[in-house]
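The two complexes that follow have subunit A in common; it is paired with subunit B in the first and with subunit C in the second.
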Partner chain A sequence: MATKTPAAKTESVLSLRQKLARYSTVRNWLLLLVFWEIIGQLRLVADGALPAPSAILARMWVDWADYPPHIWATLEGAGAGFLIGNAVAIAAGVLFATFPLTQRLARGVNVALFALPPIAVSPILVITFSDMTPRIILAAIGCYFVTMSATVTGIQQTDRRIVDVVHAYGGRQWKTLIYAQMRSAIPAILSGLRVAAPNAVLGSILAEFGGGGRFGLGVYLIGSLGRGEPDRLWGIGLSATVIAGLAYLLFSLIATRLTGTSKAVTVPASPPAPKAEKSMVLTLALGTVSFALPFLLWWLMLAIMGTPAMIAKTPVGLFDYLFMMPSSLVSLGKLATALGQTLPMTMVGMAVGLSFAFALALCSVLYTAIIRGFMPVALVTQTMPLVALTPLLVLILGRGPSLILWITVSVTFFPAFVTMAQGLSMVSRAAIEVPKAYGAGPFRQLWLVSIPASLPYLFAATRLAVPRALLGVMIAEWLATGKGLGNLLNQSRGYLDYGMIWSVSVVSVLISVLFYQIVVAIEQRVLSKRGMAPAQ
Partner chain B sequence: MRLALDRRRFLSLMAAGAALPTMGRFASAASPFAFQASWINDAEFTGYFVAMDKGYYAEEGLDLSYASGGPDVIPESTIIAGKADLTLTTPDTTIKAIAEQGAPFKIIGTQYQKNPIGIVSLASNPIKSPEDLIGKTLAVPPVNVISVEAMLKISGVDRSKINIVPYAYDPTPLIKGEIDASLDFTTNVPFTIKQAGADATSFLLYDFGFTIFNDTVVVTEETLKSKRKELVSFLRASRKGWEENLKDTTVYPPKFADSWFKGTGRSIENELFFNEAQKSLIEAEGGIFSMSEEAIEANIKALAEVGIAAKREYFDTSLLEEI
Partner chain C sequence: MNAEHGITINQVSRSFTGRGTLVQALSDVSLDCPEGSFTALIGPSGCGKSTLLRLALGLDAPDSGQVLISGMTPQAAAKSGKTGVAFQDAALMPWRTVEDNILLPLDVLGRKRSAYHDEVAKLVKLVGLDGFEKALPGELSGGMRQRAAIARALVTRPEILFLDEPFGALDQILRRQMNVELQRIWMESNATTLLVTHGIDEAIFLADRVVVMQSKPGRISRIIDVPFDRPRTPDLFAHPTFHALEKEIAEALDGH
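Moving on to the complex of A and B:
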């Protein structure tokens, strides 16, 4: 090989650069680990409340015999939830894609399932169901939206020509679905499953933490909390991270095997938009049914379960509790006070979280290596159970607004960042070349082309951030500040105030949905003006 | 290989056949009985574990199923929903629900004569009475705020002068001095603090006027009617289990290291400390679980201070008499 063709040359240069990039990423990770180790060893953070990685590993070694039954139980809950949640999701996805009307009817249910903060529904699941069921349901809810949206998108994007071939050979709707649409939807579904898998693990752990039962990492966590040993808590938290990460990897591998390519994935944040109906009456009717359906399902579920009215509030029961009882005024007052504390923090947290995600996404275009080094930290913040981190955060940040913001930003920024970064990376090269040719620097290129062009992704990221911001604020209130909805939810248990538990739960879902709808409305305005379509 | 397998299967079939008649007899005699505990498995429930392992419930004709609790498990919910026949509760919560919501509960006994809940602080920054709390930060699990407010009111301490924050079950902030005191089981946390190399000071809410029971044995009125015999059996077997456990508090926790306490995340030393510390709070003149008239009166009085109108009829001592 004395002479190389130009193509081969660029190829080898590219691979060298890739190798270098990979090397520098690994180097950054190692640097980070060493840094963490030093901080931990010298007890620099909060007087040693942040343990060194070596201490965490040593602790895991000592505790190792405890882990297997807990890990198995978590996998059992998460696994069952994953299977059920995804089966329902795929079936629903197929239904929605085949009969678009059903999708419009189910929109309310879909958005509610997407937006509900798990911490708010966990207590009512534990009240209504028993044993493994709350774990399975929470895990399944974590899977449903992602996979359902992926299925619908996958089916809708089927190549028209393949469908025509099936039609030409006399295949009907059913045949088309099996031979053409399901097949072409498989890569999309697999990418959905990949995101769903870690969600299932985290959902199960959250329900384990509160729901009683003998085994599960969440149960282990609650037992270990009282020991005041951060290294144990970090060990459990990092195991959760590893399991969630492995679940993600497993489905990435399956996807690569089956489809031969690795596709970029975003977390879907909107039910794929059905075509707008011309008739106003029909739109209104569909909207009403879609709004009523979640309430109907809620009522139906309780009716089937036969849970006594004292603890399980139906929509009617809740209305009575909030408006018709002598104690209603007091209840509403409590709820309003809590909302007054929670809502402003949620909005601020969302704004800060999104700004942070946006700044990071811009950095990811400008300084790639730093971002790669930062990714592991970001992943840990996503999968570490927050209860394990709270004592540390409280010691560092106190119990004021800064703590709420920190927790909120940490649960909000990551999915938003991934979505925004993807948007920025998908901007057409040719468009960027124009300002470049006129001598614009990287910042100006971003400002003139990349940011406007990735607007749909900015909105998608905002939609993702909405429910998470509320979740973050409620967690901080529950664990640290003792104010707002998060605290009210917990305190109501001490008063056996079931009406209030349900109220907080329902109100937090409604707020999430409302915020979500506001974002969607703004999005449609802005994007349609610019002739853009929303990103999934 | 095939022969060995067959022989093994044959033997196990024989064994199953031999066991069948006895199993049948037990199955028809033992009535299923579901018990919901109020927290994860720790020394708080040792007496029941002893009674189960020693077969005391089976002797009484009960087929007991035991469910552990957790932060989101509201014990009272499980008996209303029919998931459990009997549960252990915090009496202020239960009684408030009876008085204000007409909840159909009856208290038929109590595990703790004196509520083990107290204010725990570091010996280096000691809080020895409710007055000492003024100007301090106290961490309280949100569910227990009601108890703390009661104790403060009874002691004449202004609640607004104390900074109450949520307690998230982890004593690290207390050990590190971020908070001055926390509300927890005094049978438990002082051990953890000692492990961390510090010394703890604590006082019971009970000793400052909040004279209530804890882990009150609660059933619904319906269960009380329909399963009276089983309830008496449960109390009798459980009392036997607790008596056996408290004879020597060091015996049972280590024995449960690989069963009841396996993988709870706590340590056996911790359970030993707990078991010893709870002894004086459980033992009663009238026998374990008993509720004397004076004690019931003290409960009603303490709760009245915080506006919870408890009545004598919420307590049913007749089953204890049948033991």
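Moving on to the complex of A and C:
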């Protein structure tokens, strides 16, 4: 085939470039490893809290017999959750994309599932369900939102022209879905699964933190926390990371395999389908139902499970506990104190993490070398169950407030950086070169082009950061600092104060959702004023 | 007139509202294409040619007026497999091979593929894609993709054929070649054909009638008959009557 030659040529040029990039990535990693080894050997960080890689490996060798049951248990929870969560997510995504009304109805449930800090619901899952179920549920929740939104976007972005061809032969909803939409959504769904895979591992581990079961990497981690053996903790943390990373890699490989054939051959020219007409009454009704639906599901779930009212609080039961009982005032007081400790930390950590990420992402536009050196590291952290590594940070940073700040900043920084840097790299060269042609310096270029163009990604990063920041703070409080909502949750577990466990869970989910909604509201106002669309 | 396999467009209007402004894409358009006729639709960009085609295919509904295909509603005609279509853009599915793309209408219509094996082989040969049956669209040139799209339009042996600037993306030489091929295909199939085009010469070479449209609002301004016998050969492009017709259409396009 004569037409194949030029394509093959560009491919080989590309792969050469990729090789070079890979080479420098490998070099960076090797340097990092050597640096780490030296620091570890010299016990430079917190008197040996950061052991050398060689010491960690040696310890893993010694502990090797302990690992298999823990790894299997975590894999079992994560795997089952991954399958169930994604199956539900894809089905829901298809439903939402085909009937947009259902998406608006389910918005409340979707946002709650996205924003809920897994650690906050872990204890109520452990008291309501038994065995592996809490792990499976948290792993499934970790997958749901990512895959569901990927499916909806994938289906909605189906080339209109292809849909037209199917319609022109009398194919309607069902046939369009089979022949055009599902297949063209596959790349998007796969990239969703890629992100969902490490999320499932994280979900399982966080559920293990909440108790229930003797095996699992999370159980192993918590059990080893008190013994002050940094090398073992690091070994466990790294195993969790490797598992999550491998899951990510697997789906990356499948994705690159498949997407090669399904890239559109030309750019679609027709505009996307117009939005449905807006009616005030309908919007209001949909909003109300969508708000009520999560509470209804909560109540329905407990009714079906038949858990005793003493343990499982329905919305009404919780209201009684917080407002109608003699002890209500004390409970509310505790809750308020904890909130007063958790909220400022969350805000500050998130603000610092986001600012750093934004600043570094902007720098990476000016100095592309930064991105080449740093992006691989940032990408790997995406696959790490970062918050599951909190115990390691406890070792290094102690149990003070600085720990919380570090965790929150790191948990928000990396995903925000990746989102913003990738967004900025999509700003067209031509747009940047126009002001350049008129003699604008690098900072004027940033001000005129990159910053305005990056707004959608800044908001996308913030939406992502909100629940993560709260999760980071709560885990640090739970495991280390003994303050705030996380600690209250952990304590109430010990006192079997079921009312308080439910209160903290529900309050943290509500706060997370509230923050999320505030960000979305600001985003809509700012972006619509500039005629921009929100980024994924 | 309600021809058995013809197209009847009766006082059709269609407008779009985009960001507050109202665009009258079609205003009171009527057109009859008798069975077995070849009609070319020509007009400035944005005059509603594609809109008219989409109405005839049932991809869109008119605000007022009526479209009948073989005496049926466009949607019923589409469902019964009477129509074939090729768009300006090949609109092939990038994940299907050339052959599978050509077979797509059969899949959608729920017909057995096996009954069409010979047909597909014949079509592939006809559009000059033999040897590329298993190639993916991404591996083909623009012209080859367009030819695959035309084969797809013909696979159901349609009684009515809609072509929306099918050769718009091709270079002049390939375009002439495809014009000759299309005439041959059409004479074999005898399908009622509605061709949207930008090329005056293409319109005259292929059609029995050239329908000239004007924009703002989109409407038919003139219908010009083409008297040449078939099969028409490429020497026709140099014929004096051909030039006269070209001039007449160009003037009609300018609004004379």
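One rule holds in what follows: the second predicted complex is superposed on the first by the 457 of 536 C-alpha atoms of A that agree within 3 Å, B and C clash if a C-alpha of one lies under 4 Å from a C-alpha of the other, contacts with A are read in each partner's own complex, and residues count from 1 in each chain.
Rule of thumb we're sticking to: contacts are C-beta pairs under 8 Å (C-beta built on N, C-alpha and C of every residue); 3 or more make two chains touch, one makes a residue touch a chain.
Here the structure is a predicted model, which is why all the values come from computation and not from measurement.
Using the superposition on chain A described above, determine whether A:V126 touches subunit B (first), subunit C (second), both, or neither.
first
Which holds for A:K175: it touches subunit B only (first), subunit C only (second), both, or neither?
The answer is second: A:K175 touches subunit C but not subunit B.
Taking the superposition as given, does A:R183 touch the first partner, subunit B, the second, subunit C, both, or neither?
second
Scan A:V165 for contacts with subunit B and subunit C and give back first, second, both or neither.
second
Kindly classify A:T390 by the partners it touches after superposition: subunit B alone (first), subunit C alone (second), both, or neither?
Once the two structures are laid over each other on A, A:T390 reaches subunit B alone.
On subunit A, which partner's contacts cover more residues, subunit B's or subunit C's?
Residues of subunit A touched, subunit B against subunit C: more for B.
Show which residues of subunit A lie in contact with subunit B when the two form their complex.
By the definition above, subunit A touches subunit B via 46-47, 49, 65-67, 69-70, 122-123, 126-128, 130, 209-215, 219-228, 230, 232-233, 307-308, 310-312, 387, 390-392, 394-395, 398-399, 478-482, 487, 490-491, 493-496, 498.
Name, in rising order, each residue of subunit C that touches subunit A in their complex.
The contact residues of subunit C facing subunit A are 54, 57-59, 75, 78-81, 83, 85, 87, 89-95, 104-105, 107-109, 132, 135-141, 144-145, 152, 156.
So in the complex, the part of subunit B that touches subunit A is made up of which residues?
40-42, 67-74, 76-78, 80-83, 90, 93-94, 96-97, 101, 103, 142-146, 164-166, 168-173, 175-176, 178, 188-189, 192-193, 195-196, 262-267, 270
Provide the residue numbers of subunit A that touch subunit C in the complex, in ascending order.
Those residues of subunit A that touch subunit C are 1, 3-4, 7, 159, 161-162, 164-171, 175, 179-180, 183-184, 261-266, 269.
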